[in-house]
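Listed after this line are the structures, all set down as structure tokens.
The two complexes that follow have chain A in common; it is paired with chain B in the first and with chain C in the second.
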Partner chain A sequence: MSAAQLVSLTLALLAGSVTLLGLVIVTGRALHRHRDRRNARLSAGVRPWLLELIGGDSEEVNEPLLQLAALDRRVWRAVEPGAISLLGKVSGNARTAMVRLLEQRGLARDALRNLSSLSSVRRASAAHVLGLLSHAEAAFPLVRLLSDRNAEVRATAVRALGQIGTAGAAAPIIASLARGGVPFQLVAQALIRLGPGARPALVEALSHDNPAERAVAVEVLGLTGAVETARALVGVLAGDSSDDVRVRAVRALGRLGTPVCLDALIHATGPAHPQAVRVEAATALGDLGSPRAVPALRELLADAHYHVAHNAARSLARLGRPAAAALTETVAERAGTPAAGHAWEALAIQDLQAGHPPRLPAPVPR
Partner chain B sequence: MSAAAAVADLLAGLGALDVPGVLDGAAGTGWSAGGTPAGAARAGQSAGGVLEVIREGVRWTLMLISALVLVYSVAINTSYLLLIFLATWDAVHNHRRLPFFSQEDVYANPLTPPVSVIMPAYNEEAGIAEAVRSMLSMRYPTFEVIVVDDGSKDGTFERLREEHNLVELPRVVPDDIPMRGTVLSTHVPANGSTPLLVIRKTNSGRADALNVGINFARHPLVCMVDADSLLDPSALLLVAKPFADDPLNVVATGGVVRIVNDCDVVGGRVTRVRMPRRWLVRIQVMEYLRAFLLGRTGWSRIGGLLIISGAFGLFRREVLVEVGGLDPDSIGEDAELVTRLHRYLRECRRAYRIVFVSEPVSWTEAPSSTAVLARQRRRWSRGLAELLWKHRSMIANPRYGRIGVLTLPYFVLFELLAPVVNLGGVALVPIALWAGAINVDFALALLLASYGYAVLVGFVALAVEEYAFRRYSSWRDLGVAAAASIAENFGYRQFNAWWGLQGIFAALRRTKQVWGVMTREGFSTPGRPAGGKKG
Partner chain C sequence: MATVLVAEDDSDIRDLIVFKLEQTGHTVIAVGDGSAALRLARERTPDIVLLDVMMPGMSGIDVCRELRQHAETAGLPIVLLTARAQESDVAKGLTAGADDYIVKPFSPRVLADRVHSVLARARA
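On to the complex of A and B.
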């Protein structure tokens, strides 16, 4: 083939490709709009029944339930995504009615079947629906799905197990972090939903090799107020090999707020601990909210590390009247030092919170 | 891209039929009717003439260069196409996830990390109040907004004081990262609850203002945004999601920047997306789509993301402190920061991820005049040249993984050198004329092919936009976008190359860095004329 022919052919191919792409774009948009309009038209007639279903008392829902359960497949296909989305947003009677409707439409049955589909999208969709329905029978197959080859499927299974609330799934949910691809916060959220029944597995996870598993266990124990595990968390703070896990342990102890937590947190502000732990401990003492922390926090105002001193000041500002005296004394005793500057800031914050204009100090040195 | 024009320009001045190995066999096909015969014959006729020997030497040199430029042109457009295909993969993946993962997963989760949003502002009187209001109404569980007034000479601070009833709150100035400017005062709203901090400081440039903001940031994640940008309400949620999903590894995420010119803006929110009225801006819309959205998504997909826009990026604060914050001496400080992060984390042998998120959007005003666009492009080009020079030891160095062996060499070859190749071709035209090697018909055909390939790349980008994002809803906008993809090749690319070359020369001469004035027209709001914002 000559160069001229090659160039001609290239030109023809390019022109053809550009035209084809243009057609694909235009057709795609036209089809999309047509589908949207059709779905809007079909679901418009059904929407009043849906609203009646989620807004009515238990006896009033029979009529809309019957109507919606009897919709032909074409109309239901247009309504189904909206109905599933609605299920995640309602509670109480409305939720019960929606679950009844979706069960009658065979969604749970289809979803259970689709858990073993070859398509990862179908498996993930199925897990998503079963979670929304809190379908208890799905717990076992969903646990199996935690070792699915597709990360999205594993993630939706984690969330669904949390929604179903099977406490026995806690250990496999935690272990799913080891395979990667499952979002950390999704695992945490699922474990929180499992409630106190998950705590034995969480405590056991504190000694796992994977730092992500230890981190999630620490966070969930703190967030769920597992005060009986405070000593175990103190142990994590004292001896975990990961600074990130220790920082999370500090945060968890601040949330639990027992006396043993207070002592551990005051200790954690000491110079032997990494800066990140000390900074978080200064904040956690404010979260904990005990006046017993005031002397330690007051000392921290003079800390050489800015964020330790600053967070201590913020914590003191949150502790109210008992801290105000300590802050005023610091301003007087350490005038002209950064410690006094931090104390001024805390006092000014207290003023603002009390609805007063903030007091202004003499110029603060850097 | 710009190389397409280069091919055309170069071949317009060449006896392109003789390019060995590329265009063999063109001679005698009738395509060469308007040109001179092949080189060998001419050389034979003029043997003995020194001038003719030189002319022949020039001809062969030009042929060789033309072949290289042709290969370069095909390679650069193919690379764009590959990046777009990678981005398409990402778009399909995200599209499939939509039904199972909602923003609520992030919003309602107690572990979603708090964010400090930092807005450096210099003479932003006209738009600062709206920008801060918009930022404060972001949908995110816990965040603070830190405005760093970088020594503005207009009423930037006064506008904020009026809007939020600011009162001075004394703060000890943190110095985790070295700062050049001096902090004058710090202010918070008198209600004590709005999470806003305004810092007044002496003027020291955007990078230093951001460093001051990072120092004052209280939260573990730091989001850098321009004071003249508008964020989508859920932008923070989506750009923070990778941090929540993979808290031990993700150190930075970047969001998409789109062009707001002529869009409807109400209450600091983009309520209706439209194609801009001016062709210069319309072309930039397509350029942003192809290069910034899809290009960066593609790089992110293969773990080679080098640039997170300064207009919208989220970083782990502790890592920013470890690397010393932004470099105030760099004119392309956002890309330089990301490169330094790669370098530092690779040298520390730490596992990390830098991710580009294609869905959250920051809206920014694009230059609508040639003069402002020229300044912007010179600055970008200069910033890239300086960045690559500063980190030259990383280029092609396997120690730095994909960034070293793939991304940085790519940026040298296809970003930095593109203007050189493009305009080098233009410069060779007079020489080719002198050498008597002109074949206008064939050159025009190749010109069309080169532009055709670039248009194809633009249309693929448009198809991905239509499938995954559908931001431009009207048929007219779609037609304008398609036309802009074509128009981009006629003048815009060539001027871009010229400004790029000027930027490279400025970097070589090490002239004083000047950001220049970005004249803004303000955001159009239905029922209200556009403001006359100057930044």
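On to the complex of A and C.
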């Protein structure tokens, strides 16, 4: 075969392959569109039953439940995505009715089986469904999924475990941070959903080696108002090796607001602590809301670090009349200093937020 | 029974609200965005308006504020629909003039009861 013939043959093969590929793509798309249209038609016919199931009163749901449970497999496959989507949008009797239907259709059974599928999309999708169903039996298999090789699957398992609410899953959920790939906020939200039953595992995590695990434990204890853990959090603030964890401990103590928190936060504004901790402590004293913090915050108005002084002034503005008096006196007595500037700014913002102009004239810098 | 204007961009939730309110005897006008809600509130003067907080374009809070600023719609009872994560928006909505709010996911029965009680208060 000559070179010219070889080139012609190659070009012909190439053209043939391109044409074939084009045909496959066009046919695939046409089939996809056809299937979508068919599914839309099938599910539109059944949608009134779905709405009746979740929108009806409890005594009216038996008829649509029977109709939907008896649908043939082809129609149900068209309806199922819409039913799952609706499940996440309703609560109360509507949710109970929808869970009954989906359990009857074998959705939980199929999802449990798919948790060990070779496809990561199927594993994640199964975890998602089990979470939506709050299927308690799925807790243990979902904990196993926390060590899945795929980060998306691990993240979906964390969310699902939070939705199911098994407190025993708290420790493995916290540990899922060690491997990376699961967002911190997702883990925090899941732990919050587990409720007070998760607290022993959270307190235990305060002494873990991984700072991300300690940080999430601190954050969740603060957000859930675990006042009985205030002393443990004071210990974290005093001795943790990570500034990020200590800053979160400050924030958590500000939210908890017990007397032991107040003393620890006042101490945390001292010069021995890192600036980030001091800045956050100045804010947390305002969150805590105790007038006992006024003298310490008043002193901080003269702090050399801008953000410490600024946050102290904003906190004072939130602490009622004695604190407002401390700000006013600072403006008058220390005119021309940065402390007076911070105090004036905090008072002016307070006035503007209340809808009237600043009560004190703007300070003139010396 | 009343005419209810519903503005919700999620078609699942919109269909469910329409179904439930029609089941309880109301006439429902449903739209998927804030601008259409504002236009229809002026044209059709419904008895009550349900607004999703998070909609493309005009948010429910924007619509609420606009409705309160015009004499012909200023007195309309308004209920906001808000996701749990947007609960901080509730204060903004109430400041903008909303009468009540419902957190998603919601029970359709509770939604119908809330609409009924807001209407009853408005008519009292």
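Assorted remarks:
Everything below uses one rule, namely that the second predicted complex is superposed on the first by the 314 of 366 C-alpha atoms of A that agree within 3 Å, B and C clash if a C-alpha of one lies under 4 Å from a C-alpha of the other, contacts with A are read in each partner's own complex, and residues count from 1 in each chain.
The working rule: contacts are C-beta pairs under 8 Å (C-beta built on N, C-alpha and C of every residue); 3 or more make two chains touch, one makes a residue touch a chain.
Computed from a predicted model, the values in this text were never measured in an experiment.
Comparing chain C and chain B on the residues of chain A they touch gives the larger count to B.
In the superposition on chain A, A:Pro357 makes contact with chain B only, not with chain C.
In the superposition on chain A, A:Gly106 makes contact with neither chain B nor chain C.
By the document's definition of touching, of the two partners only chain B reaches A:Thr10; chain C does not. Contact with neither chain B nor chain C is seen for A:Pro200 once the two complexes are overlaid on the shared chain.
Look at A:Gly92: by the touch rule set out above, it reaches chain C but stays clear of chain B.
Annotation: chain A residues 88 touch chain B in one complex and chain C in the other. Contact residues on chain A toward chain B in their complex (touch as defined above): 1-8, 10-11, 14-15, 17-18, 21-22, 24-26, 28-29, 32, 81, 88, 121, 124-125, 127-128, 152, 155-156, 159, 183-186, 188-189, 192, 211-212, 215, 219, 223, 244, 276, 306-307, 309-310, 338, 341-342, 344-345, 348-349, 352-353, 355, 357-358, 360-361, 364, 366. Residues 10, 12-13, 15-16, 19-20, 23, 104-110 of chain C are the ones touching chain A in the complex. Of all the residues in chain A, the ones that touch chain C in their complex are 47-48, 51-52, 54-57, 82, 85-86, 88-95. Contacts from chain B toward chain A in the complex involve residues 16-17, 19, 22-26, 29-31, 96-97, 99-102, 104-106, 108-112, 167-176, 188, 190-192, 244-248, 318, 442, 445-446, 448-449, 452-453, 455-456, 459-460, 462-463, 466-467, 470, 475, 478, 482.
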